[in-house]
Structures are given as structure tokens and as C-alpha cells.
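So the structure is just underneath, and the comments pick up after that.
Chains: A, B, C and D, in written order; residue numbering restarts at 1 for each.
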Amino acid sequence: MLESWPMLDLTVPAAVALDLAAIGRFASARGWVPATSGNFSCRIDAAHAAVTRSGIDKGNIRPEDVIAVPLSGALPPGVSAETPLHVARYRHDAGIGAILHVHTVAATVLSRCDSAGGYVELEGFEMHKSLRGVTTHEGTVRLPIFANDQDTGRLAERIEEAIGAEPAVPGYLLAGHGLYAWGASMADAQRHLEGLEFLLQCSLEERRLRR
Amino acid sequence: MLESWPMLDLTVPAAVALDLAAIGRFASARGWVPATSGNFSCRIDAAHAAVTRSGIDKGNIRPEDVIAVPLSGALPPGVSAETPLHVARYRHDAGIGAILHVHTVAATVLSRCDSAGGYVELEGFEMHKSLRGVTTHEGTVRLPIFANDQDTGRLAERIEEAIGAEPAVPGYLLAGHGLYAWGASMADAQRHLEGLEFLLQCSLEERRLRR
Amino acid sequence: MLESWPMLDLTVPAAVALDLAAIGRFASARGWVPATSGNFSCRIDAAHAAVTRSGIDKGNIRPEDVIAVPLSGALPPGVSAETPLHVARYRHDAGIGAILHVHTVAATVLSRCDSAGGYVELEGFEMHKSLRGVTTHEGTVRLPIFANDQDTGRLAERIEEAIGAEPAVPGYLLAGHGLYAWGASMADAQRHLEGLEFLLQCSLEERRLRR
Amino acid sequence: MLESWPMLDLTVPAAVALDLAAIGRFASARGWVPATSGNFSCRIDAAHAAVTRSGIDKGNIRPEDVIAVPLSGALPPGVSAETPLHVARYRHDAGIGAILHVHTVAATVLSRCDSAGGYVELEGFEMHKSLRGVTTHEGTVRLPIFANDQDTGRLAERIEEAIGAEPAVPGYLLAGHGLYAWGASMADAQRHLEGLEFLLQCSLEERRLRR
């Protein structure tokens, strides 16, 4: 694999690199980014975001592992192969400040289990309130599932078209792959990620009991 | 969400703030307070308790995240939306020194599973003895389940009426929501919380095997 | 509960207290001693052992939480209620140097599940070799289960009579209660504890699949 | 057990000993090397590898716990009983730089479950891409399972003959025993280990749901 030698990207604010390192340590301690999987990003400004380098241990993100990418135009070398999914979200929603992607067992298994229907349905949990704009446990949350695709540019187009301008849920699943979540800030994105993962764990447990 | 700017509440004793920070770190490390969920409180005196601020990471409770609340009268801004549940317990039982609320997978799933019956029944576990006043594994422990309600004032009234002056178990479940536990001291409350959570995990496991 | 005020027991060697604190931190981090459950001991000499105090957090055993007990005669106040189980083992087997007792979900659930038969049967695991004297994965290991009893003196007699002078397995289960394991040294006892707990986790998982 | 007294093996480069200590701490924190199980090695040069000592706690590998072994000829005393499995891999594939062996519940249970068929089949996971040379989630990965054998020299011969010169997957299972994984570097071997373990956990979870 030919890659440019990792160099410090001076256009990434230090606070952004530190935020990405912190969320990486959190996700790694939970076992949510096994085998160098997962990727994380932060918006820098209206035209740029900072994304984690491909193939690194997310539990130990160093400053040189964070790369600034333009939200339009060609991507620099070395960035995660899933960067187009991040860029598309930032372009279509100016309110997004951070995007997190992890590989958990619950997300991977349920994304395969329910892929035919196109979503995982979650009903009546207090944890719904962890999602922005949700103020009650009553009602239903539908977390979309998209078929996986190694052409992440094409996949990003398909996803953005499907979820529309105002997605009801700040996240989606890729079938057999993992969970994406975003938010206005890193704290919001992390709350959404943790809330969705908890809901998926509860759903998985209830299916075990109900079979 | 309009909130007063977090300021240090000088009426909260430092030892109380440190106790709340410690239980927060414990619960966070166990994964019991995902997505800023959960809330913790300590009695300050006969007329006041200290409660955690709404929407904070419970793994990193800072002194300014702990707010003194009166046990009668209006609540100050910024406190957890579930503060009325804490206040009602302190008012009805002068022997309670601390109250802990967490969101675990076992508590959430079993609170939904058994909500029609109104309790989770646990029988014959040595861990019963972690509960105050229980001296044997023999017999049955019934952990009450209450329907969830976003009107926490109304919910508190319903709960207090149901559990009465001398509840048999120092805790209850809110359906689809999570576990409450209390005790004469923070150590007692934590022992009850850990004991009940362990019993719920065992019960969940036994149901998986028996289906 | 009337207890003598914790004082440093000067007859406990410092190395023994440190060993007990270390195994306590290990077991607590694994979640094996919830709600101040579990207890640990080390032999001091032919006539004495050091046992953990009743009701303490096993993740933070302090020197004053370790109490020397005689292997014959009356027990001092404050020791764990299960001290008679420890003492009986040390008396009947001069080769035992340490005894560990934990409350895990797998041990608790399987001890109830298989209590009628009197043992959990484990067959064909490489992990059998973690047990002293076992040199192959071939064959069967039977971990005895005894009915729980709050009279731990009477329980100790029943257990010692049943397992005999040379028990095949360095541990046993108490039904609905937890796992005991021992060894010639603290390291041996910990290896037996971890090996038996791993075998129980595998057995529990296989039962889930086979139902 | 007669063993030479642990002495520092001066032919083991310090960087190799540190790498082995680091992977040991990682695997121990995950609970993948219970009861002193598991073993780890690094290639030193074309004719030597460094292997962990038998019977040590893998969470605390010290420099004197790492022993240099020749890739042909007699093994020095004190090395892990499974060293022949490591040596055979290094001899048959000059591209291997590190080999890791762990005992996880998922690997142990699935290796028994699927042993008749000779492999665990994994299909359609994004995590396939954690394996060297795999660039898509499409298709199937077959992780071989070999019957366990206490004669590890004989077992090594059987395995090498079966997997051939270019094994499709950088790892295998020993039935009822655990998981082996390797890679060109320690980082590659760890990525393969984590990727395979994640896939096994997903497969185990899917079987629970499908029963």
C-alpha cells in the first residue's frame, strides 16, 4: 500500500486533533473499533473537515493521524477509504460538527438481521431522548440500514438521497459493516453514538429472549 | 435548551460533590450511564439534597455539575429532569442518604419484559443478602416496575403511593428506562445498585437458557 | 451490625495483605465481586490464615481489612461470614496456600441450572490444563455443586465430607451463590479461579446455542 | 515442573520484548488470556524467533519471560508447550513476523461447534477487509479448525500440511482450545487477531438469534 509519509497537517486545529484522539480512546476502550476499523471526523470550517488516517489504531490517534480534507474536490492521500461518507454528510447538513463511525457486534449483527426491511425499529425506550429533538420515550425510532458498497463515493450519493435534508435520526447502519452517528458538536455526536448503540444492544437482547 | 451557566453551588459540601463524582466514574466505567443518561444524588441535610446537573457526562462530574435542591418547593434550573423522583424519596424516607439511577441493558430489557406483572421476581440467590435487612438467600425478592412517564412530578407521586412507607426492596425499575436504588449512605446505595443489577443479569441469563 | 472498629492486625504479614489487595483489584475490575460480595484468604502458617473483613469493597482492600484467624478455635469478630468455609479447607489440606471466592453471573446461573445433578460437567477443553495435575484436554472435569446454607459451619462440614482428602478439582460451586477455588499459592489459586470461570462461560455459551 | 531459573535472554532484542509485553497487556485487558493461557512470538531473524515463557501471566510479560528459540533444532527449556506451532509457521512462511495465540470464549465455543466441518464460515462482513489481501466484504472467509493434540510437534506437522504454502486466512482455530493469528509485523498480526475475533463474536451472536 503506497501512502504518503505521515506528516503533521498544520491546517488541523490542535483542539480538533485532541477531540478526535479523545473519542478514539473512548471507542477503543469500549472495543468498538477492533482491527483498526472505524473512523472519526470533525468539521474545521464551512469548507473543510478533519478526518482520521486510514489503517491506524483508533485508541492511539496522534496529531499526524488527522488530515484536513476539502468538502468539495479531490481528497488527499492517506485518508480513510470512507471519507466520502463523511464529506457528503458535512456538505448536505451545515449543522453537523462531528461524525463518528464504529464497528460494534450489535450494530453489525442487527444491520444484517434487518437489512431486508431497510431499518432497525426501536420503540418505547427512554433512551430515545438521547437523540436530538426527541423529548419522549413514546413512539418509534427507525434507524436506516443501507447495503454496503466498496465504492464509497457511490454509496455516499445513495445514502444522502435516501435520508434527505432532515433525517429523523442522527445516524445510520451499513449492512454487515457498522454504525454511523453525527451531531452539531463532538459531544452531541458521541451522545448519539452511545444512545444508538445502547438501543441496538437492548434490541438484540430482546430478540434473544423472544425467539 | 435554556440553562443557567454552570456555577459552583457553594451550598454543596465538597465531600458530597466528591462522592457523586466517584460513583459517576464507577458507573461510567461499567457502561451503566451511556449517552449522558443516569443521575445521582446525596442528602445534604433534612431539607436539601445535592443532584447532578442535566445532560452531563457522568464519568466526569465536576463540582459545578452538582446542584443543591430543596426537598420542598421549586427546583433550581439545570437539574436533571428526574430530580422530582429523587426529592420524593428523600421526603418520604428520612433514612435515605443517597439515590442512584442508571441505564443498563439488563434493567431496561427486563423492565419491559415483566412490566405487565408489575415486578421482576428473583428467588433463592445469595446476592439477596446485599439488600438491607435480608439475611438469607431463601425466599423471594420482588423488584417493582413502574410505567415510564415524562411528567416526573406525577410519576414520583404514583411511585411513592405504590411503594409505601417501608418498601421491601431499596430500588425500583422504570419500564424501558432503567434502575433506581437508594441507601442510608452512598456505600449502601452503591451496594444495593450493584446487587440488584447482578440479580437482573442472572435473571436475564436464566431466561435465555429456559426459553 | 456490631463490629469491632477496624484496626491493623499486626499478625498479618505485609506481603499477605498486599497479595489479597491485588487479587481483590483484579476480581473487582472483572466485575466478579459485586456489592461487596466475595472473600479471599491466604495461609499465614500451619495454624493461621488471613481473611478479608466482612462487607468491604474488594476492589480497595486496605491493610486493616485483612484479619488473621486461627485454623482451630473461635473466629475473631469482623471476618467474613464465610470464613468457616476457608478455615475448613486449610485444615483438611495442608498444601493449600490461598482460597478465592467470587460471585460471577456464569457461576451463579450454572450452579442453579445443574444443582440437581450435583456438578457442572466440562469435557474436552484445553483449559482443563489450567487445573493442577491435568495434562490433557481429553476427558471430563466435574465441578461439584453444593446447596447453599447460611450456617456456614454446617456447610463447611458437609462440603469437606463430600470432596474428601484429594478433590479432583481445586474448586466448587455453591448453588445460587458463587465459585470457590484454591491453590498451593495465590498464583495457583488465581489460575484455577480464572480457568474454572472461563470453562463455565464456555459451557453457558454452548447451552445457549444448543437449547 | 523442573524449569531453568528465568534469566534474561540477551539474544532477544529489547524492542521485541517490549512488543510482546504490549500485546500481552492488550490481550489480558480484553480477557483473552485467562489462567496464564495464550502465547505470543516475534521473529528475530531468518533463523530465530522470540517466544513467551510457559505458565506466566500474559498481562505482565517481563524481559526474562521472553526466550529466543532456533527455527530448526531443539527448543530451549521453559518455552511454551505450543512453541512447535509457532516455529513451524515461521519456517514455512518467511513473510511472517509475529504470531499470536489467545483463548477467547467465542473462539473456543465455535471451534467445538463447527469442528466436524473443519472450518468456521464467515460471509459478507466489512471486517473481512481487516485480513491481508482482502479488499471487499463480498464473498466468504473460511477459518480452518484443527483437532486439538497435546503432541504439538505432530499437531504442527498436520496443520502445516493442511494449510499449505499460501493459506487464504492468516489464522486458524484449534478445537476446544483457541485462536491463532499471524502477520508480517506485530501490528498486522494484532489486526488479524482482532478482526478474526470480532467475526467470531458476530457469528456466535447470529447463531444465538437463528436457533
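Worth pointing out:
Going forward, a residue touches a chain if its C-beta (ideal position, glycine included) is under 8 Å from a C-beta of that chain, and two chains touch if they have at least 3 such contacts.
Given the structure is predicted, the values throughout are model-derived calculations rather than measurements.
Listing every chain that touches chain B and chain C alike gives an empty result. Of all chains in the assembly, none touches chain A and also chain B. Counting every residue number used by either copy at the chain C-chain D contact, under half are found in both chains. Using CA-based centroids throughout, the chain positioned farthest away from chain B is D. Mean C-alpha position of chain B lies 44 Å from that of chain D.
Chain A and chain D have Cα centroids lying 31 Å from one another. Chain B has residues 208, 211 in contact with two or more other chains.
Chain contacts in this assembly form a single closed ring in which each chain touches exactly two others. Contact annotation for chain pairs lists A-B, A-D, B-C, C-D, with touch applied as defined.
Of all the residues in chain C, the ones that touch chain D in their complex are 30, 124-127, 130, 135-138, 187, 191-192, 194-195, 197-198, 201-202, 205-206, 208-209, 211. For chain B in complex with chain A, the residues that touch the partner chain are 31, 34-37, 57, 103, 105-106, 108-109, 112-113, 148, 150, 174, 176-178, 204, 207-208, 211.
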